[in-house]
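What follows is a structure written as structure tokens; I'll ask about it next.
Each chain carries a letter (A, B, C, D, E and F) given by its place in the written order, and its residues are counted from 1.
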Amino acid sequence: MSIIVINPNSNDAVTEGLRASLSAFPDVVCLTLSEGPFGIESQRDSDSVIVPMLALMKQRQDASAFVIACYSDPGIDAAKEMSPVPVFGIQEAGTAMAMCRTDTFGVIAIGQPSILRHRKYMRRLGVLDRLAGERALNMSVDDTARGANTFERMVEVGRELIDKDGAESLILGCAGMAQHRANLEKALGVPVIDPTQAAVAMAHGTILASSL
Amino acid sequence: MSIIVINPNSNDAVTEGLRASLSAFPDVVCLTLSEGPFGIESQRDSDSVIVPMLALMKQRQDASAFVIACYSDPGIDAAKEMSPVPVFGIQEAGTAMAMCRTDTFGVIAIGQPSILRHRKYMRRLGVLDRLAGERALNMSVDDTARGANTFERMVEVGRELIDKDGAESLILGCAGMAQHRANLEKALGVPVIDPTQAAVAMAHGTILASSL
Amino acid sequence: MSIIVINPNSNDAVTEGLRASLSAFPDVVCLTLSEGPFGIESQRDSDSVIVPMLALMKQRQDASAFVIACYSDPGIDAAKEMSPVPVFGIQEAGTAMAMCRTDTFGVIAIGQPSILRHRKYMRRLGVLDRLAGERALNMSVDDTARGANTFERMVEVGRELIDKDGAESLILGCAGMAQHRANLEKALGVPVIDPTQAAVAMAHGTILASSL
Amino acid sequence: MSIIVINPNSNDAVTEGLRASLSAFPDVVCLTLSEGPFGIESQRDSDSVIVPMLALMKQRQDASAFVIACYSDPGIDAAKEMSPVPVFGIQEAGTAMAMCRTDTFGVIAIGQPSILRHRKYMRRLGVLDRLAGERALNMSVDDTARGANTFERMVEVGRELIDKDGAESLILGCAGMAQHRANLEKALGVPVIDPTQAAVAMAHGTILASSL
Amino acid sequence: MSIIVINPNSNDAVTEGLRASLSAFPDVVCLTLSEGPFGIESQRDSDSVIVPMLALMKQRQDASAFVIACYSDPGIDAAKEMSPVPVFGIQEAGTAMAMCRTDTFGVIAIGQPSILRHRKYMRRLGVLDRLAGERALNMSVDDTARGANTFERMVEVGRELIDKDGAESLILGCAGMAQHRANLEKALGVPVIDPTQAAVAMAHGTILASSL
Amino acid sequence: MSIIVINPNSNDAVTEGLRASLSAFPDVVCLTLSEGPFGIESQRDSDSVIVPMLALMKQRQDASAFVIACYSDPGIDAAKEMSPVPVFGIQEAGTAMAMCRTDTFGVIAIGQPSILRHRKYMRRLGVLDRLAGERALNMSVDDTARGANTFERMVEVGRELIDKDGAESLILGCAGMAQHRANLEKALGVPVIDPTQAAVAMAHGTILASSL
């Protein structure tokens, strides 16, 4: 069994972070898409990774499932269309997991512009009625993964989502925030979902079910 | 780690079926709610199990997570409210998993009346825009678990959901249909979701994430 | 003709309040569910009254209609399923009445946690697009029924619902607030709906229609 | 107390029918709008009655509440805006009543074109998620009120709404169908709502509440 | 080709404003409805123009298309029903145009009461999920068309729609604001839609398509 | 003024068809994306054109507006993000135009798979409540543009959308069907929208408005 988690940006630090946050999950292989931009911060960035990502997926005939580890779920439709094995997008999976934990959920985004992109995607998913709100850290992907003040800012933004917007759980709206999940959950007292962990869990369960 | 799966009806054959369908999933304990009715076929049946089920959950301090293995998700709100560990309902989890696999999904129900009950619940979940349709086998819970013609009827109903309603994946709308999942997926060529497996996978991932 | 209004908590003061607020309505009998908790303030409380309430309903073969007088509409589905006569839940009826008076409505809740429970229920009812907002008094059920400052707090919260959220009418989100309806309507200048009165009115009309 | 029910078409036979169907309801006065068209069968017909109807309402200072007894709810917004007493539209009230009786409802329309008009209005009401379906008798307003075959056709159409569309209750989509309510309910075994009775019941309850 | 734009109020200054804002569009004829009120500021005003407007439309057999240039789209359904040529309402067209430019949009209303009227109409249009928010200038129609401070107030309100509500484009919620479109777009840096221009553009395209 | 219409597939016959259907519209330049596939029939095809299409757009500094003439609106978000001038997608524009003509609309698709892709996109647009239905010709893009029986099949499918699904207008769900618009409208008696014409009309109006 092999769950291949693709980081579609070319920042290896992000891939390392994925490996760390998935270390308790069995049979996971994390790959960096070397053709990707250093960070996916625009729609163009997101769309530009699709063709090379599909090519990478085609090479990995050993995959039992794929996880696309970028919160904008780039290429998710094309990947599902062409892949012979299940494909999970992390925005889809994180949202699904949050909706199983609590009635309403909030999302912590990195920057303001991604809020509107996520909203469009959640409308497509038909789940907007469950969204309590989304608020931004207003930091870059790279800063979020490395920065010292990231956690304090996440607590602050998470608290607003809970108190002002009525969020009963929170989704980390970027694969690079994973290291803060456990501490944030402790600090805020509500379920905090790392969407990559959610996607890997669902991929894992799908593969186990197929083995029966 | 211990994922406690509660069959809220008192039919041990159903619990046995759960054990079989979850045999590939680690750390799962399946329990029968002895106070439950033999089958949950009405709203009254569903509501009547809540108080004893909450009592059973209170006793199981060893649980890392609970799964309520009846497709009407009886007592899901009260269970989440009082349980110190995560609780997953199988209708919630099955729907979440299907929504991660394909855009639209269909549901195979046991009897006609449950279709309207499920519809009300999916409206509450805010996911009706993803439902392609729900169709009934028109068999009892017990028959579905044992009956010889069940599989043929499931293929027939599943085919209608795909061809007439546009379903791209199917959810088995009763814990007792689990044994047919793999064969139905093979016969129909679309993802078929056993909701108990989905719930256990999500519970498992939640526990693994907490271990980090 | 006999409209049986059931107070599913065991607080007789609340039942007395119901009698007072329904004194102008003919053919109403108000009962206390002696097996209920003193106040329904959690989901467990709400679910725990269902079985004894159904038993009480079964005994009352003289009923022409039932009204379940708790804003969480406990057991509404099971009650409708088993009762040979019409059953009205007060959240359903209050919402329906408000939607006939104005386009948008607000709800005055007792405590913060009930806001999320109501939201889930209104989503199930498919009426969220009409909800302007819900705000809490942050008092207990018992305080609301007895407390001296209740009215002042209701005016304050109602004013916010109108001015900040755009509510054109208000629903009293607890059977125990009924005594303040008329004064609140005078103070705020918008329709204020007591949901028990709404339910009794609809029950009454249903019975009259059946007599033709 | 005086509930003034306005038939906005000039067909006195329809007003007579209203009187008959409301005979069990106290304090009701039924009026014909003499300036109205003989039957309201187009949007132009519906809009043309607004100005004279508002004038009629202004004259009736004795009204405790108004009911506009045409299923297209002509002038409902303007009437609510200018009337010092509550105003009920029968499509609004019939829909509200049906939604309190069952989860899904169906509507029996007179002609095909009104189905699309009603759909637009129900979308505005935000209740489309509860609509199981609407089907037409394909008869004129006048025929429906008088015609011999009307009842047989109503049974046939109602049966389709229940069996094919999943309607759990039915609304009579024209004030002129009222005489058939009781027999239709008996024939079909589901709640059948006459929307004028529903509106009068809600008006009556509103007035009673104001008397406290 | 002749696109007849009807100002349904009797204020010729508003019609002059329409002519100015449409001066770059070919084949446009702007008419004042002399029977209309001086400004449409209530639902009654809006409904009262329907009958004379339909009469005016009937006289203009030379029309290739009609545009009803009042943001409440008075009589739009009746006009479409009776007109042999296409009819465009400016709220419908403005909303459609905004939805083609950006995902979310905001609306600048003249007065607070119109916000709730527009909301009801946008719910009917089924587009509420795209609305970021609506905020009012709190000025009269006449002031808006003439007033000196109008532009400053529009910038202020527009800024709030963008910054607080997340609007990515803005619709001018009254035909009389047209003169400020270009400057407002420059000042705010997002697309600003004059709904009459949008309606005329869509009418023009419909006529051109018919010529092929 | 120059409206640049990009055919993102490399089939020049389709571009020729666009030129013909837009011949009455001024200032239009139609381009073929030579890097595109011969026909866009999968999600991968659709995604693969984004990068070269953005490059083409960057070269055309002379554009006053762009229209992406493929019904799947490939790259629409990235194009709007990077383009200094307005960009219109034809699915967005066709839907917007249909929603201004009638309350409900239907879509004629080329093949069955595109129906589900379009549904996902219309859910994202938040307009599903207006969709009466979508039905497929079940022909290839190339056949549709050339084939002799195309028109007969379009009449048949359009008739079903009107009679069975309640569509009041129709959208041609592929840029290659444009030549049949006028005849189909004549044959069916409801508005038929060519989405490319709709997009060009809206682009044209946007440019005219900017000139004031």
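The working rule: a contact is a pair of C-beta atoms (placed from the backbone, for glycine too) under 8 Å apart; a residue touches a chain by one contact, two chains touch by 3 or more.
Quantities reported herein were computed from a predicted structural model and do not represent experimental measurements.
The chains in contact with chain B and with chain E alike are A, C, D, F. Looking at which positions face the partner, chain B and chain D present mostly different ones, since fewer than half of the interface numbers are shared.
Of all chains, the one whose CA centroid is most distant from that of chain A is D.
Centre-to-centre separation of chain A and chain D, using mean CA positions: 51 Å.
Centre-to-centre separation between chain A and chain E, using Cα means, comes to 42 Å. One inter-chain figure worth recording: chain A and chain B are separated by 26 Å, centre to centre, where each centre is the mean of the chain's CA atoms.
The set of chain E residues touching two or more other chains comprises 120, 123, 126, 128-129. All chain pairs in contact, by the document's touch criterion: A-B, A-C, A-E, A-F, B-C, B-D, B-F, C-D, C-E, D-E, D-F, E-F. Put simply, chain B touches chain A in their complex at residues 21, 23-25, 80, 86, 88-89, 92-93, 96-97, 99-102, 125-130, 181-182, 191, 194, 197-202, 204-206, 208-212. Residue ranges on chain B touching chain C, taken from their complex, read 42-44, 46-48, 50-51, 54, 75, 77-78, 81-82, 117, 120-121, 123-124, 126. Residues 103-104, 129, 166, 168 of chain E touch chain A in their complex. Residues 115-116, 119-120, 123, 128 of chain B are the ones that touch chain D when the two sit in their complex.
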